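For reference, the structure discussed in these notes is given below.
By letter and in written order, the chains are A, B, C, D, E and F; residue numbering begins at 1 in each of them.
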Amino acid sequence: MRPSGRAADQLRDIRITRGYTKHAEGSVLVEFGDTKVICTASLERSVPRWLKGMGQGWVTAEYGMLPRATGDRTGREAARGRQGGRTLEIQRLIGRSLRAAVDLKMLGDNTITIDCDVIQADGGTRTASITGGCVALVDCIRHMQRNKLIRNDPFKQLIGSISVGMYNGNPVLDLDYPEDSNAETDMNVVMTEKGGFIEIQGTAEGEPFDQAQMDAMMQLAKQGIDEILTIQRQALEAP
Amino acid sequence: MRPSGRAADQLRDIRITRGYTKHAEGSVLVEFGDTKVICTASLERSVPRWLKGMGQGWVTAEYGMLPRATGDRTGREAARGRQGGRTLEIQRLIGRSLRAAVDLKMLGDNTITIDCDVIQADGGTRTASITGGCVALVDCIRHMQRNKLIRNDPFKQLIGSISVGMYNGNPVLDLDYPEDSNAETDMNVVMTEKGGFIEIQGTAEGEPFDQAQMDAMMQLAKQGIDEILTIQRQALEAP
Amino acid sequence: MRPSGRAADQLRDIRITRGYTKHAEGSVLVEFGDTKVICTASLERSVPRWLKGMGQGWVTAEYGMLPRATGDRTGREAARGRQGGRTLEIQRLIGRSLRAAVDLKMLGDNTITIDCDVIQADGGTRTASITGGCVALVDCIRHMQRNKLIRNDPFKQLIGSISVGMYNGNPVLDLDYPEDSNAETDMNVVMTEKGGFIEIQGTAEGEPFDQAQMDAMMQLAKQGIDEILTIQRQALEAP
Amino acid sequence: MRPSGRAADQLRDIRITRGYTKHAEGSVLVEFGDTKVICTASLERSVPRWLKGMGQGWVTAEYGMLPRATGDRTGREAARGRQGGRTLEIQRLIGRSLRAAVDLKMLGDNTITIDCDVIQADGGTRTASITGGCVALVDCIRHMQRNKLIRNDPFKQLIGSISVGMYNGNPVLDLDYPEDSNAETDMNVVMTEKGGFIEIQGTAEGEPFDQAQMDAMMQLAKQGIDEILTIQRQALEAP
Amino acid sequence: MRPSGRAADQLRDIRITRGYTKHAEGSVLVEFGDTKVICTASLERSVPRWLKGMGQGWVTAEYGMLPRATGDRTGREAARGRQGGRTLEIQRLIGRSLRAAVDLKMLGDNTITIDCDVIQADGGTRTASITGGCVALVDCIRHMQRNKLIRNDPFKQLIGSISVGMYNGNPVLDLDYPEDSNAETDMNVVMTEKGGFIEIQGTAEGEPFDQAQMDAMMQLAKQGIDEILTIQRQALEAP
Amino acid sequence: MRPSGRAADQLRDIRITRGYTKHAEGSVLVEFGDTKVICTASLERSVPRWLKGMGQGWVTAEYGMLPRATGDRTGREAARGRQGGRTLEIQRLIGRSLRAAVDLKMLGDNTITIDCDVIQADGGTRTASITGGCVALVDCIRHMQRNKLIRNDPFKQLIGSISVGMYNGNPVLDLDYPEDSNAETDMNVVMTEKGGFIEIQGTAEGEPFDQAQMDAMMQLAKQGIDEILTIQRQALEAP
């Protein structure tokens, strides 16, 4: 039995709210149950120095948590004067994942920065960030097209992400915090609409996992990402 | 005429939503028109080292803005490795202001940290932070009483805050961003329920202001804070 | 009775020594009683990047204290690796105040940096810094004119500053350290020669202050700044 | 064809030299072809503050590269004032992986720090670090036993690691730099002697990978780690 | 001929003013011609953590320059967020030199920090700092004795310092800035009252120096430090 | 008697291995007994900003120690976020010393960075770094000539370095760690092939040293550097 009473292959209630704040070219509130992340996509009409003259654009991501997004207050990274290893690891993952959604050459000399800020954490903040960030990214590209900032459509495919894990010896989908903090294995999977893998990151916190468990987790992940891609598509159908 | 069409003495639509996130002892979303700030109050059962053994508690504040809370994206302070001067100045102001709401001796060996994170900025983020932060602080104190963490009530009085300024030669109340960025003078006022002043910070960005203008601005501020205190009280009446 | 025996409206002995060090374009030792600050004005023949091509110059300020300017040694900010919030707040105040002394457009593509370094602290370091810094700024502008670096005179007006406060229930002028550390209210006022206000920053450390107290403090501040402007003018009359 | 002429399932020449430097409790030079990493294990007779009184020890890792370990000189992280995201990500991976080699409770109030410093880089530095670091860790534990610092044997199992990837459409084992920088997919796998998975981190840099490719890569990884474990065991058999 | 017209073995005008600021236990303004340094000695009734329980005290030094102590403005180290290599090198030299003046065991559990802040630089700031710092140190020790904070006298001997160099092919004493910036060799010498050497740091900026030049410079240094020790003694004779 | 049993004027076993790593233009492992330093010379086809357009090149150095190069583990400077004073002092010394080996004007618009990374420390790391770094520098210049990146030969002379000191009242050559940590005086000397001095840095850690001791130490240093220059020349004769 899962703490939330969910079935092993059951996602939390997932909601995507577009146009959540008014300034960003793309702005999404994504909720995976009690995990809530604001994802904004910000357009800058230039590229990082190391890409100048290469004839391509860039997509990057930054990640943060409000200090009291967590059960105990976490010290503010700006006050401590550096981003922690976990933060850097997550924002590198989000950036890599979302670059798979676009054709960087067609993006022209533009940079899109995806900011994912967790306002309430309950497990799965990185998969929620990738899922919501992708929708914000699409809105940003639509903004560029509406305003004739690009001629072609650099959008290639939606990217969805979910976590799976071994909890109490069973493979489960979309771990919440009580599961995440007690799971034997935690695995984050990122996939494209066409069923390709972009990232797989599995960690045995306790017992190592075997091939059969790996296969069972992968099966759950594929099914979960299928559902997530549907939710992303529905969110993007609204005007 | 004000850009928003408001009368000179008219506040923006001000809303205070309690219980906005689930982990913090006090958690408020405060909206001054399009300015939206999440204010959380976090209880820690200890005091800073320099207060150890002094027989009193502490109230402090931290302030931040999501990178795309603003019209153009602002670099993330955690990534730059330091909090800017504006941030430090604002969080010092919030902390000083809210310490006037409590009797630190009655707080016991406890620290309450008020985090004010701007998710959308349209002028007046520091006055919104003080106003919303005070409500979160009250909720935190109520939590301490409900859980018998303190015997007495350290709460002294509500603290409200508003900005006033000289815009196009006229005194106006509660400046939004289009006014704020063009005002001759910008003044932030913090007051208690009993009508005492806690802070006055007035800056002539363009023309200096004279005593008559000062008096007119102070008059507007008192009236505005009266209304704000009423909104705070109404928010706190709900269970 | 004030600890120093001064009357409520009595300034400390204020002295301004020009040409204090030899390298800077303007160099002043300003003394407000035992508070001693070296203020230098340094000319740079360029403007910050964000002002390039805007057809105007810039005036900015930095503030520091020698570690043993204070009763107990204060850790060196350079050694701790960051300027504290108090330092940043004060140098932002000095910069804003002194920009009111000049017409930035007439300054051309030049930056003047005012460094205020406290060598002995006894209360009122920020008001002494603004007062002395303004004289150094004038000397720097005179240097530019003598050397034909500018054609017009960008100097608009002298800027003077003083603190006032409520001490033992009475309004007093120019607080020294024993008063400052026990005052109910501390207020810093910055004014122009023409009687306009540039900055008012009042803080109730203990009891809130009311409108009558505010008016009494403002009255003292105006009188004190009048005397300070006279001292600045006398210092500048010497060759 | 692979640039090195190796078969798809062929490891580079792997060498493990124990006792490489004289001060550390465990000190290993590990070579995966031209990739050379010094791995030292340092014993500290205490635990981090957050583990005090928990009745267990700790194993952690730090990672670095000499500036000219790479083809072009990489700026020194100590000079830039912060460890980069890649460094933090790698050292977190090494630490997590090697904690699976020991029973932390049996380690007592001791911390073992594994320092992995790359003196020459040619792809696969993180898998070489885990592989060599595990041997250094064993030597450190043997030192503790020889010196009666622990009574029991906290060593649980050897940990080996290798990279696999999709290169020119084919699954290959143990990528060197020319392969790594052009691979479609790069995957790092960490396994125990008993065949359990500790970590799987796969990233599609170019084309997404499908389940069949995933399975092929996993198959190569298992075979490669088998060989690596044999090399580790042989190295540890020497006195 | 030297730019200043001085003879090769002639010191600049050297002045030592005790009691220069009011808070520090020892406070000296030292002038070597136009080089002016404020040296304060601050007493702290404890020792650094790594000396706790070792039965001895500590003497350390910190060094800084006001931004406009130099001909061109130097960026403030506190603003840049780190002390430069030159600063660290100098303050380590000052600390090592002044520790030779005291018996650390007789100092008890006390730390004396010597702050040397250059308010005007014209060459020789480190030798002026050691020379003035030693006088401030003596005043601090006298303060401790007067206030019965120590029973014995930990003072061992005066420490004096001067620079010598090869300028235009000739050995010269006490280089000022025009000499220093063009010298072939610059050498700083620190000696005790009894004629022992504490530090010799010679650097050939241009041509290497030979043994004969070395001997000539050492001869000048001994003579110069003799004079400096006399000036220190005279300064300390005043009450 | 010396702890190592060496005669007073006896160097440790000194070895220089060229071509130690494969990427750098010059790469040397230098061993002074158990002290082992990797010295690489990296060519960059540009000059620092402050040298642009000056018609000369630059030689600079950086220094580091692997955390467990020492008897106890030393915290990693990259993790602490700053290079310590000792590190900065040493790398400034290495850079100054090695600039005496080349004619910077003949170097053209090129920068050579010498990285000295200590993998095992047993005293004398700075003199080993200068000695080995000079050989790496020569290899880098040879690389530039072979590849026609410069027409002339900017190499002027070999630079050698050794430490001397007073140990148990006797002058000794090339101190190892047990001597270094107990020496009364420690002196580092840097000389050219032609017998000129580049740097002399002598520090009395315990008793001051007198002129006779100074002369004796200098005599030892000259003799030791003679031997070192021979070892450098022999190493460079190999192809």
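Everything below uses one rule, namely that a contact is a pair of C-beta atoms (placed from the backbone, for glycine too) under 8 Å apart; a residue touches a chain by one contact, two chains touch by 3 or more.
Because the structure is a prediction, the values reported are computed rather than measured.
**Q** Using the touch definition from the top, what's the fewest steps needed to get from subunit A to subunit F?
**A** Contact-graph shortest path, subunit A to subunit F, evaluates to 2.
**Q** In the chain contact graph, what is the shortest path length, in steps, from subunit C to subunit F?
**A** Minimum number of steps from subunit C to subunit F: 2.
**Q** Degrees of rotation, nearest 5, to put the Cα trace of subunit C on subunit D?
**A** Between subunit C and subunit D, the superposition angle is 180 degrees.
**Q** Based on the averaged CA atom positions, which chain is farthest from subunit B?
**A** Computed centres place F farthest from subunit B.
**Q** Approximately how many whole Å separate the CA-defined centres of subunit D and subunit E?
**A** About 50 Å separates the centre of subunit D from that of subunit E.
**Q** Report the inter-chain centroid distance for subunit B and subunit C in whole angstrom, where each centroid is the mean of the CA atoms.
**A** 28
**Q** Between subunit B and subunit F, what is the separation of their C-alpha centroids in Å?
**A** 59
**Q** Which residues of subunit F are in contact with two or more other chains?
**A** 81-82
**Q** Applying the stated contact rule, could you write out the chains in ring order, opening with subunit A and then subunit D?
**A** In ring order from subunit A, with subunit D immediately after, the list is A, D, F, E, C, B.
**Q** Touching residues of subunit C toward subunit E in the complex: what are they?
**A** These residues of subunit C touch subunit E: 21-24, 27, 34, 36, 38, 40, 42, 44, 62, 64, 66-71, 73, 76-79, 81-83, 87, 113, 115, 117, 119-121.
**Q** Which bits of subunit E are touching subunit F when the two form their complex?
**A** 82, 84-86, 88-89, 91-92, 96, 100, 187, 191-192, 194-204, 207-211, 214, 218
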